[in-house]
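For reference, the structure is listed below as structure tokens.
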Amino acid sequence: MQTNKTINETIKIFHGPQHPGITGNMSVELDLAGETIQRAKTHVGYLHRGFEKLVERRTVIQAFTIVCRICVPEPDINEQNFAAAVEDLAGIEISERAAAIRTMVLEMARIGALMLWMGGQASSVGLDIVPQWCIADRDLILDLFEELTGGRVYHMYIFPGGVRRELPEGFLEKLSNLCDHLEKRMERYDKIFFENATFQKRAIGVGIVDKNEVIPNGYSGQVLRGCGFKHDVRKDTPYLLYDRLDFEIPVRNEGDVYARALVRREEIRQSIGLLRQLVLIIPDTTGEIMQKIPKHRKFKLPKKETWVKLESGRGEMGYYMAGDGSEKIRRMQVRGPSLIHAYALLERLLVGSELADVAMIMNSLGICPPEIER
Amino acid sequence: MKEGFLIEQERLEHEAAASLKSSGLINDIIRYFRKKSIFVLAYGTGCGAIEMPPTFTSRYDAERFGIRGAATPRQADVIVVSGYLSFKTLRRIIHTYEQMASPKYVIALGSCTINGGMYWDSYNTIKQLDKYIPVDMYANGCMPRPEALLEAFIALQKKIENDEEPSGWERYLENIEWYRQNQRAVLGEDIKPAYEADWYTEGR
Amino acid sequence: MTILTIMGQGMAVLLFAYVAGMLYYGLYRNITARFQKRIGPPVLQTFYDSMKLLFKDEATAFGWMFYLGPVIMATGSVLTLLLLPFLRVWHEGSLSVYGDLFVILYLMVMGPLGNALAVGVSGNPFGVMGVTRGLTRLMGLELPFYIAVIGVMSVAQSSDIWHIIAWQQIHGINMIHYPLLFIAALFSFVGFMGSSPFDVVAAPQEVYSGPRSEFSGKFLGLLMSQNAIFGFAKLLLMVDLFWGGADSIVELILKTFTLFLVTIVIGVVYGRFKVHQAVDFLVKFPTLLGVVGLLLL
Amino acid sequence: MNILASLQPQLCDKFETQAFDLKRDDLAQVIVEKKIWRAVMDYLKEEAGFVTLLTITCTDWIEEERFELNYIFAHETKRCDLMLSFSIARDGESVQTLTDRWPQAEVMERDLHEMFGIVFEGHPNLASFALENWHHTPPLRREFDTLAFVNEHFEFRKGREENVDVKAEAKRLRALKKAKAQAEAEAKKEKGADDADE
């Protein structure tokens, strides 16, 4: 009887898919009593394109062109994961130089994604000045990408066997100038955003993640590090050149929105530091940027299975891939961090918080719908 | 009391709306205002939505042309369909489009809206957007750059000012049967999005 | 003092307030854009927007109560404007001699009530939530503002705004004499103008666009025009109460725009509070200042 | 000491594993029979320290009439992953749910139910996940032909007037090139003959 009574007193609203406070095209079904959320349920599927089916129909090289579309804000992680899985199955070793360039691309993409997150998080508290600034700063990174790969958003650059193009002339110099610029800008963002009194008031103590369920439930990325766990795929199981680079894993203990924001701020700093190291390392690296790979129809994968993962801007992203001896991939499964964050975590965090916190919490989890439903 | 979208639907199906077709000074002035002020619905339907923030922020700054975001469909003039549409989103897009107040315009972004694009053999995306809702302007590419998006907006402004052909919402009213038939062909009989009322029965 | 002069003056004030409000809000967007490192819209953009909306269809039909809401709001703001002293030289032949601070304060609540009526009919949950937020915030906003107003009234020994202006002409403006009261009122004023950090009512990331969620076309255009007029009326009230009114149009524009600039600058650098945070803040800090100001009178 | 290398003898002693495939330093695959997978999983979770369920994948081996389910676990130190695989029949065989152990399994199992039609026993809510009103074959099964589905439900816009079939055009160009090369070769030959004559 008690439950019936509470149900009758609530309002049911759909936060999304058409809503300014939602991250991408998804929706959260909320039951509200006043402004407090009683129940929350995530709905996805608005972006389902059936990538896993499309990849099965294509040859390896054809599939390569569509995998980067799986996650829009940070497409390069998909290319790297796909390439790593194919290389693992086909037994291709990439050269040191290709690995260094890949590392650089991934770190640039990470900064871009974190800048985009900063815009979303700031606009969720109504600080409209921050997205205006930081999305323009992210555009400078996209400009470098355009020079390197020819594409602004989708690069299709990291290919199984290496990377597709040599660095243009003067690229590293521009990159180091960009690092200087971004470092200077970060001080401004500290003042206007991270140390802003209104943001602190809104973010501290909101969306606290239970530390006991972090590891078993597989939360990753900033959620993990915001709860005081010092884990990062780049350190735990180093891939590419990360074991040669020097960087710290930022950790905060509070587990709330503000802790995750500070972790991200520090991650941008660390990524800038990584890029600076790479600018020095890349000229000394050797090897062909592209290994010899079989031709289109002859690129066959053996009957084997593999699982690769890396650290994206939101958490650990993994690919499962199975070959069957033909030139087509038998099965590819994408496991993004958002799948767990948007369901197991978000639904728990929202219950008991207020409607005003929904956009804050969603942004701080970094939920990216296209990688949930592929 | 009927809900808003039901009234809108009835009006779409039974009654032809008055159009401001005849030219004259007053209509010129109205068209000038329409051209100068375009509210874009904040609905990122696909990957093209990633290029919307740059378009509306300080690098490309669409607001200098009078283009700004609007939160609800009631207030918006333009809906930007940014890329591929899955069935589930198409249902919401139709719903949203019918909630908007006329005159309203549709800008379709990316090659996926023209002929399926990358996802030509995908089982869950539609291939030609203009079979389901009328499109006023296409911006092609995968994905279109912010410049292309701005150009589409400016071309739309020109179209509004010159009042060329019947614009999309007029075509939608005239050919509502044809559009409905196409929509039903892919979505089934319930075009309105159906939400399963989950936890009331589940006992979670 | 004939009825014609009253009407003529009223129309002139209304027209001026409309034009000034539209330009101010246009400049608001433009100046904000400059802070955000971009060019920003033309100054007339708010005017274009409201005119375009006036020539648009509506997508909704909820019955006459719904249509009445914007009208009540517009009536409230026009009355507020007309009952406020406009220029000091226009004392004779102005409707404002009938006005009184109590009447004005009541009229200022009329807007949210009109909103509540219309939104209640539409039944949009976001709208209802926005109205609830607006009324909750109003409680917080009114407390420091009323304290400041009581202080000003008790100093001038009158609730007539003309007397308050006259007192300021003899003794100097209230802002210098009673800075604590002015600061208390300024906090509420920033909230009344709907500027950050108190813009909880129509927060797009939280409640869509709050009470306006269901309004489209002509109603939205009317609301925008109403907002411009009401914004100017609120500026006028603050100028009358604390800055001693104005003698000429130029002085009026200077004073009101300076005050407007303050809200712009505050709005740019702060985010949005939650409802209860906003009320908490207003009830604590500005109210305390106001009470101290009252005690120091 | 490598966690996976030390796990191998323990696991193989305790259970009848069909294979223990050490793929990389940080990845291994254990293949078991379906009847013991729950016990192996419990052992992995409680005693071997593989506490995190990362994902569940399914591969459709239609030739061998089986689905291969892969449960991918991560070690608590996050230094290595383990794939636990077993096979089920393509039709009619259900699997016990994992929602009682890991809450994130709920959405993964819903996904697999929708995409492959696998039934998970004891799952609280096998409602649709990404698709809406889908009455066709579950789309990720191999027998579902997405191109046929597309051709049945959609029509494509006609290409431009000057649009040419790429394959035919390539063939034509190749033939043209060949003919040209041949003509050149003949011309050269004739010229050579002429030269020789002179």
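Per-chain numbering from 1; labels A, B, C and D assigned in written order.
One rule holds in what follows: a residue touches a chain if its C-beta (ideal position, glycine included) is under 8 Å from a C-beta of that chain, and two chains touch if they have at least 3 such contacts.
Predicted, not measured: the structure shown is a model, and the values here were computed from it.
Novice: Could you pull out the chain whose C-alpha mean position is farthest off from that of subunit D?
Specialist: Between subunit D and every other chain, the largest centroid distance is to C.
Novice: Hey, how far is the Cα centre of subunit A from the one of subunit B, in Å?
Specialist: The separation of the two C-alpha centroids amounts to 29 Å.
Novice: Rounded to the nearest whole Å, what is the centre-to-centre distance of subunit B and subunit C, using the mean of the C-alpha atoms as each centre?
Specialist: Result: the chain centres lie 35 Å from each other.
Novice: Just give me the whole-number Å value for how far the CA centre of subunit C lies from that of subunit D.
Specialist: Taking the average C-alpha coordinate of subunit C and of subunit D, the gap between them is 62 Å.
Novice: State, to the nearest whole Å, the distance from the C-alpha centre of subunit A to the C-alpha centre of subunit D.
Specialist: 22
Novice: Provide the list of subunit B residues touching at least two other chains, using ranges where the numbers run on.
Specialist: 42, 57-58, 71, 73, 88, 121-124, 198, 204
Novice: Out of subunit D, which residues touch more than one other chain, so two or more?
Specialist: Each of 130-132, 139, 144, 146-147 in subunit D touches at least two other chains.
Novice: For subunit A, which residues are shared contacts with two or more other chains?
Specialist: 19-20, 45, 48, 50, 53-54, 57, 132-133, 136
Novice: With chains as vertices joined when they touch, what's the shape: line, ring, star, complete or other?
Specialist: Per interface graph, the chains form some other shape.
Novice: Among the chains present, which pairs are found to touch?
Specialist: Listed in label order, the chain pairs in contact are A-B, A-C, A-D, B-C, B-D.
Novice: Mind listing the subunit C positions that touch subunit A in their complex?
Specialist: Residues in contact with subunit A: 32, 35-38, 125-126, 128-129, 132, 196-197, 199-200, 203-208, 268-275, 277.
Novice: Where on subunit A is subunit C touching in the complex?
Specialist: Where subunit A meets subunit C, its residues are 11-13, 19-21, 32, 34-35, 122-129, 132-133, 136, 192, 196-199, 201-202, 354-359.
Novice: Give every residue of subunit B touching subunit C within the complex, in rising order.
Specialist: The touching residues are 1-2, 4, 7-8, 17, 20, 30, 33-34, 36-37, 39, 42, 57-58, 61, 63-64, 66, 68, 70-75, 77, 99-103.
Novice: Could you pull out which subunit D residues touch subunit A in their complex?
Specialist: Answer in residue numbers: 23-24, 26-27, 29, 51-55, 57-61, 70, 72, 74, 76-81, 83, 85, 102-104, 106-108, 115, 128-132, 139-140, 142, 144, 146-147.
Novice: Can you tell me which positions in subunit A touch subunit D when the two form their complex?
Specialist: Touch list, subunit A to subunit D: 44-45, 48, 50, 52-54, 56-57, 88, 213, 215-218, 231, 233, 236-237, 305-307, 309, 318, 320, 322, 324, 330-331, 333, 335, 339-340, 343-344, 373-374.
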